[in-house]
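In what follows, structures are represented as structure tokens.
Both of the next two complexes hold chain A, though its partner changes from chain B to chain C.
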Partner chain A sequence: MKNRIGVYICHCGGNISDYVDVEKVRQAVEHEEGVVLSKTSMFACSDSNQNEMVNDIKEFGLDGVIVASCSPKLHLTTFRNVTERGDLNKYTYVHANIREQGSWAHSDDTDGATEKAIHLVKAAIAKSRYAEPLYTNQFEAEKTIAVIGGGIAGLKAAISLSDKKSTVILIEKNDKIGGHTAEWGDLFMSDEKGNELINRIYSDLAQRENVTILTGAEVASSKGSIGNFTLKIRKRPNNESDPMEIMEVNVGSVVVATGFDHYVPQKGEFDYMINDNIITLPEFKQLVDKSTGNRLVYKGKEINNIAYIYCVGSRQEDGENTYCSRFCCTSVIHTAIVAKKKFKNINNIHLNRGIRTYGKQELLYSESLELGDIYLQFDYNNPPQIATEGKKTVVTVKDILSAGKELTLETDLIVLVTGMVPRADQSIGTMFKLPKGRDKFFNEIHMKLRPVETVIDGITIAGACQGPKNISESVNSALSAATKSYSYISKGTLETEPIVAEINQDLCVWCGKCQEACPFDAIEKQEVNGKPIAIVNTSVCKGCGMCAPICPEDAINLIGYTSEEIMSMIDVLA
Partner chain B sequence: MNKDKRIIDYDALVIGAGIAGGETALNLANNGYKVLLVEKDRSIGGKMILLSKVFPTLDCAACITTPKVSEIARHKNITIFTESEVTNITKNVENKFTAQITKKPRYVHVEDCTACQLCEKVCPVNVRDQYQFGLIGRKAAFIPFSIANPKAAAIDIENCTLCGACEKVCPTHCIDFTMETEYYELHAKTVIMATGFNLFDPLEMPRYGYNQYKNVITSMQMEREIAPTRPYNTILRPGDGKVPDKIAYVLCVGSRDKTVGNPICSQVCCMYSIKQAQLLMGALPMADVTIYYINIRSFGKGFEEFYQQAKGMGVNFIKGKIAKITEKENGNLILRYEDINEGVLKEAEHDMVVLSVGAKSNPTAKTIFDNGTLKFDQLNFIAQSDLMESPSKTNIDGVFVAGTASGPMDIPDSILSAGSASSEAISYLIQNELA
Partner chain C sequence: MATKINPAFSKELKKYGTVNMNACYNCGTCTAICSLSTNDESFPREMVRNSVLGLEDEIKSSLKPWECYYCGECTTNCPQEANPGELMMSLRRWLTAKYDWTGLSGLLYKSLPLTILAMAIVFVAVLFFADSVSYNLEQMLHFGHYFEIIAIGIMMVVIFLPNLLTMWYFTIVKTNTKVPFKYYFTALKDLFVNMFTQKRSKDCDEKNNFRWLEHLVLVLSYLSLLFTTVFLNWFATNNVFVIIFGYVVSLLIFMVTIHFVSDRVKKNKSLNKFSQPSDWFFVIWLLLMGITAFLVRLFIDIDLLESNKWMYIIHLTVLAQWAIIIVPFGKWTHFLYRSFGMYFAKLKSIKGTK
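Entry: the complex of A and B
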């Protein structure tokens, strides 16, 4: 049992100390059994405090360390590493969360927040007394990396990994690679067309010996975890009469680059599919790109007046897609300019909800204004109304920019500026158990600082599957994901996490309840000494603890969170 | 020129230790490359480490930056030079870069300083604290800010009177006025430019009265007022120390404005202003906060929802560009603007005005390469030679750009850009068998 425990209580620069009296917490725990050192710190995570902790561990001969600060999601690893630098086993470190569970949750009750913080720190001390050193094992990691999705993000991730001499398997569901980028004609800030860009990248990729490109292929299942995933891939045969090709590949890491779907308006949404003169942004881009001659013709009719209705399927204040799709303002303004330059007598009228040509894209908006495009702005609750009058399509809009004046426009074509939505096919996300945000795009570990890593070790997310992005933003995201995926396994070895479930083989009678409870498929039934029992696959087990309380025989212990430790914590909290 | 020039060798040179440079250095170092990270300021962490909270998560910036900074500082493959400048980079025939580095003296031996602050107490010199954006003063012997890294005293030699008081009081004798500028010649295989951006200087727009009216501050000053390590421990207006209750934000100050030579959108001001407005509503529940805007650009992940949340909290949004600000005798300010929704000219009184200043290119970036070999765009951001296919590539093979050095961007985009630049740099090292 530990009896030289050091306790550090963090102010978090006011995030905690504005509501929790940290000095009072320190005084309340300084004489607890086994505590030999207690300190407060402005920022426990700062470099200077970390160094002080390392010195304290050595100087006071600490055998247990506790930091009471923010969520362990932020800093458990930070302080485990500090403990290790002080030559203690890092798993003896115990974390107390007095910010998310203390000061922030009870900002209306400073006394209560302080009282709760004291209890939480005392519970951490109780756990610390029993915390045993734990050890990791090294295992060999598979150095091949799978990239799922052959759009611009997947292609660039594959190139980047191939450049780093990793073996890459690129898996694309469709028969052709290139994703949405290959659909595009002219691109903003580039002399290349979308399909030319894709061809340039593809012709490079196709020559590479360390890249296998599987088109018409889908990942059917995944087993294992970081360093050793086994993916079962189903590939459509070249000959339709042949059976599906099934193959298994072993990879160390996976880059998910499954992209987005275009928002498709419902029938009748802005008269879509009711009035023939109404098309979506992708349809319009195709039309402008494919049309030759000096007049824009749609369905046999010359197009002169085009109205663009923005934010269709995006920024729905009372709908499902509350987010902004980010790329559409620039994309439609660019296409409108291309149309105006390419064809005669084009008048562009943009019915928008505030133009979002952020950064240098603003120059495009300026150009559009100089070319005489007209911008009218409407409110979400007062959308443009479309009416068909003979052969003419008439739009009525209450324009915010002219003090709410109602304007009526005769148009030849209406373009619904549709945004990005998450893929309808969510199978990859479901298979890897990737968390999704409120917007249903895949969620990163941390929105600010870790935008391509996910909570599933070894899986990174690239491009628009994480949220709407334009091409260069997708490429940046793809290259970042490639770097992270490469970093996971470039050394060739990984460490196992020692915090896993442990089955007491004598007590286990195999009822199967733990297997049902396990979200990671880490528990299997096996015969040991003639008796069926549960066996934990420690390389897959995440130590989540779902199995432990469900076991009717109490045969499961979570290493690092043993019943002894948890009960001692509960005793203090009760 | 300098006989004492030391020659040093690294795989990668990363210029600028803000969040983009730091992330780039970490990615390279984690893959085994030796990195020299050069920062011209006294601390690493760039602008992010000085922020209050970040949008849209409202994470405390210090809480998420300090561990990152600490990881960078402690990494065995990263060497950091603070207070240092890089010039005269050239590329030789063997694909190697040579750079001249000037490391200015700190007059403090960082490894011996315990940050006890005794020198700060005895120093008789008071100057404006640039790390608090001039809101308060600091001494000439000082610790840059509480979460600076390295956390060690520094002597501001330009303002120091050489009285020697700090030297006498220092318990570890780490203050040393005999320190001199050090000169290095660096050989590196790849260079990553992470030179960041400069904030727009509102003095260029006299009609907003910055520096003339005391209660007109910049968004960076407000950022400090609401940061955990804030100078006043509460929010007040600098003119008379009154707690403000009617605060205005003026957006697009120095952005989307050809008259000040910056026609582009700075990409972050809408969101940081909305964030500050939310934090102010929390800190001063009775205060009115009004944001005057042209367009709200909440385009990133979770941003639109964050904007709607601010509206729900009661932040006022008025579509209209502020034409002019005048000051009343009591220090309050009159804002003249066209209310676009109503189509009329209006005036409104506020007791404090925050100018949401934009991002401009950092002119220092132009002084780093020899003879203009590195290309810049018309706004003096580093030019991206293949924006669609490889956004971090520049016109020089082996030189990459990370973060806001190529144009305005927010923190996640800077991180992605840094990931992209480090990816290209690693590929470059491997492909050219320079590793």
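Entry: the complex of A and C
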């Protein structure tokens, strides 16, 4: 039992104190059992207050510290470190959230907010009395890193890891590396074509001794966790009659860079596959790249007027793909400019829903305008109508920029500007249990703060498997993911949080309910002393607590959140 | 009815002087900054849009190009440097070409060599005439006096009347505007007020008051000089008042146009940054009109003209080029069409379009 507890109540500038009477909270808790010190602070997280806390711990011989402030997501680590600097075990620190759960949530009821804050702080004090010191687990980590996917993201991640002297295994499903980038012709802001770029990177990679490139290879299964993954790889043999080559590799971390699929319009979507003069953006890019001569010819017919219909398969208000595919505006404008410069008598007419050529890509938009490309803007609910009049394909559109006037244009070719969709083959995501966002792409932990990490420790995501990206954005995320993956294992040893589930071996009778509840696959059935019981893999367990309450035998304790601690908190709150 | 877009139109319009019009990304800054644009009659973005899309019928039936007085604010503030002001100017040129049944306006606007050729032909014709009367000064002066009356009369009936009817047809008849007959009379006040004072341009921008005044002085001086030479026979009169009046107005023409020309050379404002040949011809010939008329009368008064007949031949050449080419087919027509544009706009505002 702790009996020298210090309590700090934060104003958060006014974020808390505008609605919660912090002084009243302090007075309400200062005489609680075990509390020897209680203070308020304008900003508890400020350097000066942190130093004051360290001094207080030493001066008053505190054995428990509580800060009542913002969400623990923001400053739990900050104050744990403060207690550590005061020579306390940092896991004895208890955090009370009176901002998100107090002042912000009840800004309409200051008395109620104050009352709630008092209860929350008292509950924290109750927990603090029972808080035990905890210690991290350490184990050795494998220093090889696997990169899954040999597109531009995977290749750049491999190069980055190789530069860091890490051993890299690059696994590509197709027989050739390069992914979608190898399909592209001319690239924006580069003199290279897509395949030239890939060849250059490949010849660099091929020379590196610490990089193994496996093409025609798929990851069949994965076992283990951060630091020690065992991947089973099936590699198609060079000779078709040979059996599949199966190999196992041990890696410490995995960069997933499985990329995207092109959206393929359904038959009849904007007359696709009904009218011969309608193709998709990737098909058009191929056409422009492969065509020679000074006229653009498609199916034996010279092409002059090209209409581009934007956002096909993206930004659907009533479909599955509600997101913007980001790259398509830039890609199509770039290709339209290339076509106009390469061939004679090309008129580009862009039927868009707003142009998103952000950053330097705006230069392309300007160039295209100055070259005389015409932009018509339509509303999602008034899409362009396509009709065939004799040999001509006529598009009718209500142009927002002309006050909704109905305009028609005769076209020789219609390009459906298709976006990116998640891979149809989701086997890698399923295997690693990677969470997916609303857009069905893999999800990072935090878009801005932790953009390449997944909730699965040791697995990072790079490139367009995470969401639509252009080449440079894919490369940026690949370099970031490579660095993050490397940082997990660079020390050779790994630490895991002590807050994990703990099985009481005597009480456990193995019913399997905890294994079903575990979202991280951290619980396995094992025989101990002739009895099947649940065993927790502490390097995989995230301490989420899902298993503890459903155990019928009450055999599971979450370290740091023992029944004792939680029940005492509930007693105070009730 | 759906309207067909015509990507080739912007190339045609370029020959009339558009500068970077296609760069427009429809932000609407030009319309927002224009002090003449209103909610009901909004421009110039709408006209830029119609031009980019090549909606010729929409432009032909519109009076908006005439409602713009080119203060240049839109061009100064355009974030894309798409020069909406110059586009409106180019549309005025294009429209005068469309109104003109002879088709000469369009040819002269689009081709500088053709314009020079036409000017040269008139010059040669004047020389032939002078030769045919054996350079007899009296006969030349006599002819010159009547030439003006006749030229004005012919141009009115043969060129301007049909062209104004075409304009009326495009903007009133084809847009199904039903205007009761009597309004054509009640709105006449607007026609003349705008024709002589261009009062609407005062709404452009306060800074432009001086320009408006200059313009007003120029218009009144020009009309006065016309009146003085044609009806008061300035070159032959002995009336001291008329003589002095002629001097004053020709001097005013000369001074104002000098200022206009120097501004165009300096390109110090948006509105004179891009000068088409038609702009140069208009302002320079107006200048020459003023200066040669002034000198001819001066030569008469100091008894030099008899020994310097070439002075009158030059004046007659300038006059003939002005009356036969610039007035009917050049920028002078803007003066007329703009006045009628305001007149028709008034008619439309009375009834509104269907």
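In this text, the second predicted complex is superposed on the first by the 529 of 574 C-alpha atoms of A that agree within 3 Å, B and C clash if a C-alpha of one lies under 4 Å from a C-alpha of the other, contacts with A are read in each partner's own complex, and residues count from 1 in each chain.
FYI, contacts are C-beta pairs under 8 Å (C-beta built on N, C-alpha and C of every residue); 3 or more make two chains touch, one makes a residue touch a chain.
Being a predicted model, the structure only gives us computed values, none of them experimental.
K.L.:
When the two structures are overlaid on chain A, which partner does A:401 contact: first (chain B), second (chain C), both, or neither?
P.N.:
Both: A:401 reaches chain B and chain C.
K.L.:
Output check: A:471 vs chain B and chain C. Expected answer is one of first, second, both, neither. What do you get?
P.N.:
In the superposition, A:471 touches chain B alone.
K.L.:
If you stack the two complexes on chain A, which partner ends up touching A:487: first (chain B), second (chain C), both, or neither?
P.N.:
Only chain B is touched by A:487; chain C is not.
K.L.:
Which partner chains sit in contact with A:349 here, chain B, chain C, both or neither? Use first/second/both/neither.
P.N.:
second
K.L.:
Identify the partner contact of A:370: answer first if only chain B is touched, second if only chain C is, both if each is, neither if none is.
P.N.:
Second partner only.
K.L.:
Would you sort A:451 into first (chain B), second (chain C), both or neither based on which partner it touches?
P.N.:
A:451 contacts chain B only, not chain C.
K.L.:
As a test of reading the superposition: which chain, chain B or chain C, is in touch with more residues of chain A?
P.N.:
With both complexes superposed on chain A, more residues of chain A are touched by B.
K.L.:
After lining up the shared chain so the two structures overlap, which partner does A:539 touch, if you call chain B first and chain C second: first, second, both or neither?
P.N.:
The answer is neither, since A:539 touches no partner chain.
K.L.:
Touch check for A:250: first (chain B), second (chain C), both, or neither?
P.N.:
Neither: A:250 stays clear of chain B and chain C.
K.L.:
A:305 in the overlay: touching chain B, chain C, both, or neither? Say first, second, both or neither.
P.N.:
Only chain C; A:305 stays clear of chain B.
K.L.:
Taking the stated contact definition, name every residue in chain A that is touched by chain B in one complex and by chain C in the other, in rising order.
P.N.:
Common to the two interfaces on chain A: residues 366, 401-403.
K.L.:
Tell me, which parts of chain A touch chain C in their complex?
P.N.:
Residue list for chain A touching chain C: 305, 347, 349, 365-366, 369-376, 396, 399, 401-403, 405-410.
K.L.:
Quick check: in the complex, which residue numbers of chain B touch chain A?
P.N.:
Listed in rising order, the residues of chain B that touch chain A are 19, 23, 27, 30-32, 54, 56-57, 59-60, 62-64, 66-70, 73-74, 115, 146-147, 149-151, 227-230, 256, 263-267, 295-305, 308, 319, 340-344, 377, 379, 384, 387-392, 407-409, 411-413, 415-420, 422-424, 426-427, 430-431.
K.L.:
Residues of chain A touching chain B in their complex?
P.N.:
Residues in contact with chain B: 12-15, 42-43, 45-48, 50, 70, 74-75, 78, 156, 160, 163-165, 187, 189-190, 192, 197, 200-201, 315, 317, 322-324, 326, 354-363, 366, 400-404, 437-439, 441, 446-452, 466-468, 471-473, 475-477, 479-484, 486-487, 490.
K.L.:
Can you list the residues on chain C that touch chain A in the complex?
P.N.:
1-5, 7-8, 10-11, 20, 22-26, 46, 49-50, 52-53, 55, 80
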